[in-house]
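Each structure below appears as C-alpha cells.
Next, two complexes with chain A in common: one pairs it with chain B, the other with chain C.
For the complex of A and B:
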C-alpha cells in the first residue's frame, strides 16, 4: 500500500516467513544430500544437485498451487498465502539452478550451443516414451521466470490487474509442462514406479482441490439470480458484526458488510492482488483484506489517504426484512449512504 | 521428425528470442532510469535496488511498456 515504492516492504511477519522458508530449504537439501550420499554413493554430485533442486522446486510449486484453494476451505492457511510471492520467486530460483546444472551436465560438453542442444540432441518429438522432455522444462522455466520477475507490486499496478492476473494464471500452463517434464523424465530414466505414482497422485490432488473449490463457489454464485436489477442478499441477521456476506451480482462478487447497525456493499475483489475482501473483517472502521491487509472504507470503497486504491460500491435496500443489492455498480470509490437496519 | 525442420524451427525460435531480449535489454536501460518514472510517479523516490528488481521484467515486457509509454504522451 506504499505511496512510493520500496523493494520489499519488510515487516516482522514477512521476515519470519522468509526465515522459515530458508530453514525449510536448508533442511530439505541437507536431508536430500545425506540420503543420496548414504544410499546412492555412486551418483555424481552434479546429479544430486540436479535432482535435489528439481524436487525442491516441484514441492514448492505444489505448495504454491494448493494455498489458494486451501485458504478458501480454511482461513488458517492464510499464513502461507501471506507471502506467496517470495515463495514463487524462490521456487523459480530453485528451478533455475536445476535447469542450469542440467544444461551444463547434459548439453554443455558438446560443441553445439547448449540451449540449441536442448532442442536438437533428441529428435524423437513424435514418441511419447522418448520425447525430449527437457524442452518442456525449458518452456516451463521461461514462464515461471516471467512470473517471478513481474511479481512486484509495481507490475501489478502498471500492467493493470487484469493483465497481471492473466500473466500469473500462466502458472497452470507451467505446472502442466512441469508435470509432463517430470513424468517423461522419470519414465525415461528411472525404473522406480514409486516416484511415478507420487507425482500422479500430487497432480490429481491439485486438480481435485481446485475443482472442489470451483464447484463450491459456483453453487454460491448461482444461488442469487443473475441479471435482475436487485439481487436478494438475505436477512441482515445472517451477517455477523464486522463481517460480510458475499453474493454474486451480474457475474461479479459483492461483499455486504455489517458494522454498527449499518450495511455497505463493495466489490469483493481487493485491488492489491485480488484477495476476497468479503472474507476479511472490519478493523478500525475499515474493510481489511484477509490476504495482506489493504484497507477500504465501507462507505465509499476508498483506501484511507494517503493510499489510492478504490473498489466499486453498490446501493442496498431493505424490503420486508430482506436486504437487496442493486446489480448496477457505482464507479470505484463512489460514496453510498450506508443502509441503516436498526 | 525431420531433422532439418526441427533445426530450422529451433534456430528461428532462438534467434527471435535473442533479438527480442537484446532489444529488451536496450529498452530496459532507458526504462529503469527514466521511463519508469514517467509511467509511475511512485518510482521517483524509490531506492536503487527497487530499480534492480524491476529491471529483468522490463527486459521481458519491453513491448508492453513501450506501448504504455507512447500512449501516455
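For the complex of A and C:
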C-alpha cells in the first residue's frame, strides 16, 4: 500500500522475482535457439523465433494458471502469487512477439492487409482438420493484451473491482483459445502424437487443479445454505493467535480473527483484488491480505487512514465455549465491539 | 507455513522459508519447461535443406521465357538451368515481365537479358527473386541465335497426388513451407501471382517431383485452387514438359464448394 502515486512500487523482493523471471526466459530461449541451431540447422531463423516465443508464452501461461489454485491448496505458495502481474504482462509480450512475427511472415507483404489475411486466407471454417487456427491465436492475443494493459491498480480502481475481475477471468477463454490454436496448428502439423499427449496432459492438469480447489471451496461453503440467524464457528482454541478461521455465512465467507484475547469477524474478500483475508495475518494490529498486503482494522473493517477500503463486519457471541457469528452483516466499515474470550 | 514467515508484497525482504519456496517453484518450472522444450525439439520436423540468399544479389544472363513460367535460361555453377523468377514479397514477377516485353516489342526470344536477384534453392531446384523489381533488369540486348524450347506432352490424362505449394517459400524463403502451418502464407503467395506447384513426395517422404499447375489452355488458375493449398490433393490432368519444367494441365473446379466436403476425408479431388 502506498499513499503517494508511483506507477510501479519496486522493492528488493519484487526485483528478485523479476530477475528470476528474466533468467527463466533467457534459459529457455538460449536452450531453444541452441538446440535448433545444432539439431535443426535447416530451419529458418524466423521459424525459430516464432516457435521459441510461442512455446515460451504457452509455458508461462501454464505457470501462471497453476499459481492461483496452488495457493488455495497450500498457502506456502503465496510468495509466488505476489508479482504474478509481472509474469502475466511478460507472458503477453512473449506471445506478442510470436504473433507479430507470425503475422509478418505468413500474412505480410501480400496482396491484402495482414490482419484481413488472417481471417480471409484460409476460409475452411467449417472443417476441423483445416480450420484457420491463426484466428484463434489472434483472439487469444487480443484478450491477453487487454488483460496486460489493465494489469495495473489504476485500472482496478477506475474499472471497479467486479468489472476488473471479470475482465481478468477472461484468461480462461484465452487459455481455451490458445490450446485450440496449438492443437489445430503446430500439433496437427506434426506427425507425432507425443506433443498432443503432452498438451492434453497439461490442459487436464490445469483443469484438475482448478476442479480440486472448486470442490474444496464448495465443501467450505456448504454451511452457507443454512438460514440460521447465528452460524457456529467453533471453539476459540481452533484459531491461532493473529490468524483466522473462515466460515460460510449466508452465501458469504467470513473471516474470524483472534488477536490479543479478542475475536473480530469481517468479510473474507479483500477489496483490492478479492484476496482471501482469512488466509492473511494480523500485523501491526491490522488484518493483512496475503495477496498484496492490503490492510484492515479488525474492529471496524476499515483500512487505516488515509486508505479508504472497507469490508463488512459481523457480530460474534460466545455460548457454552463455542463461538457463533451472526448471519446478518453490518455495512462496510461498521465498528463492532470485539468479542473478548479471556 | 512458519508463523513468522508471512510475506507481504510491499516488504523489501521475504522470510527464508518463503524465499526457499519461490526458488523451488522457479526450479521446478524451469525444469518442466526445459523437458517440454526437449520433447518438442525431438518430435518436430524434419526440416528440408533449403537456402534463401537474403541480402546477396546474383546476376545471370540468358534468354527469358514466359511459359510455363517466367524464367531465365542460363548457366548456374556450370550447369544449364531454367531458373523461374518471382517478385518481392508475396508477388509474382509479372510486372517485370510486362516491362521487359515493352522494351523488346513483345518478343522474348532473340534477346539476351541480364537480370539480378536473390537466389532461392532446395530439392535440386533453383529459383530467383527479382528483389529490386524493374531495377532487376540490368541489360537487354538482341542476340544472333534463338533458343528453341523442347516440348514433350503425355497426351493422356494421369492422376498425381501431392501438395499444392507456393514455390517461393517452398524452395527456401521459409522453412517449413508445407502443410497447415504454412497454408495461409501459401494462399497469399499464390493469390499474389506466384505460380502454384504440385510437390510430390517419393516413397521415403522426400519431395522429388514438381509440376506447375495450369488449366487445359495453359493459363494460370491461381484463384481457383486457393482452398486446395497446403493439403493433400489429387490432380487429374495432362502432363507436359517444357525444357525440363513439368506442367500438369487440369480442369479447375468451377465451384470449389462442391469439393469441400471431401477435404476432411484427407484428399481433395480437384479437376476430376
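Everything that follows uses one rule, which is that the second predicted complex is superposed on the first by the 335 of 342 C-alpha atoms of A that agree within 3 Å, B and C clash if a C-alpha of one lies under 4 Å from a C-alpha of the other, contacts with A are read in each partner's own complex, and residues count from 1 in each chain.
The criterion applied here is as follows: a contact is a pair of C-beta atoms (placed from the backbone, for glycine too) under 8 Å apart; a residue touches a chain by one contact, two chains touch by 3 or more.
Predicted model, so just to flag it, every value in this text is computed and none were measured.
K.L.:
What is the contact status of A:195 with respect to chain B (first) and chain C (second): first, second, both, or neither?
P.N.:
A:195 sits against chain C, while chain B stays out of touch.
K.L.:
So, does A:55 touch the first partner chain B, the second partner chain C, both, or neither?
P.N.:
So A:55 only meets chain C here.
K.L.:
Chain B or chain C: which reaches more residues on chain A?
P.N.:
Partner touching more chain A residues in the overlay: C.
K.L.:
Give one of first, second, both or neither to describe whether A:13 is in contact with chain B, with chain C, with both, or with none.
P.N.:
second
K.L.:
May I ask you to decide whether A:149 touches chain B, chain C, both, or neither, giving the answer as first, second, both or neither?
P.N.:
The answer is first: A:149 touches chain B but not chain C.
K.L.:
Once chain A of both complexes is superposed, is A:126 in touch with chain B (first), chain C (second), both, or neither?
P.N.:
Both partners.
K.L.:
I'd like to know which partner A:32 touches here: chain B for first, chain C for second, both or neither.
P.N.:
second
K.L.:
Quick one: classify A:116 as touching chain B (first), chain C (second), both or neither.
P.N.:
first
K.L.:
In the superposed arrangement, which partner chain does A:159 touch: chain B (first), chain C (second), both, or neither?
P.N.:
A:159 contacts chain B only, not chain C.
K.L.:
Per the definitions at the top, what is the overlap between the chain A residues touching chain B and those touching chain C?
P.N.:
The overlap between the chain B and chain C interfaces on chain A comprises residues 2, 123-124, 126.
K.L.:
Residue numbers of chain C touching chain A in their complex, please.
P.N.:
Contact set of chain C toward chain A: 1, 3, 6-14, 17-19, 21-22, 25-26, 29-30, 32-34, 36-41, 43-50, 52, 88-91, 174-176, 179-185, 187-189, 191-192, 227, 230-231, 260, 263-264.
K.L.:
Per the contact definition, I'd like the list of chain A residues that touch chain C in the complex.
P.N.:
Listed in rising order, the residues are 1-2, 9, 11-14, 17, 20, 24, 27-28, 31-32, 35-36, 39-40, 42-44, 46-47, 51, 55-56, 59, 63, 75-80, 82-83, 105-112, 117-118, 121-124, 126-130, 132-134, 184-186, 188-190, 192, 194-195, 198, 240, 242, 280-281, 283, 288, 290-293.
K.L.:
Show me the residue ranges of chain B that touch chain A in the complex, using the header's touch definition.
P.N.:
By the definition above, chain B touches chain A via 1, 3, 6-7, 10-11, 13-14, 36, 39-40, 42-47, 49-50, 52-54, 56-57, 60-61, 64-65, 68.
K.L.:
Going by the contact rule set out above, which residues of chain A touch chain B in the complex?
P.N.:
On the chain A side, the touching residues are 2-7, 115-116, 119-120, 123-126, 145-146, 149-150, 152, 154-155, 157-159, 163.
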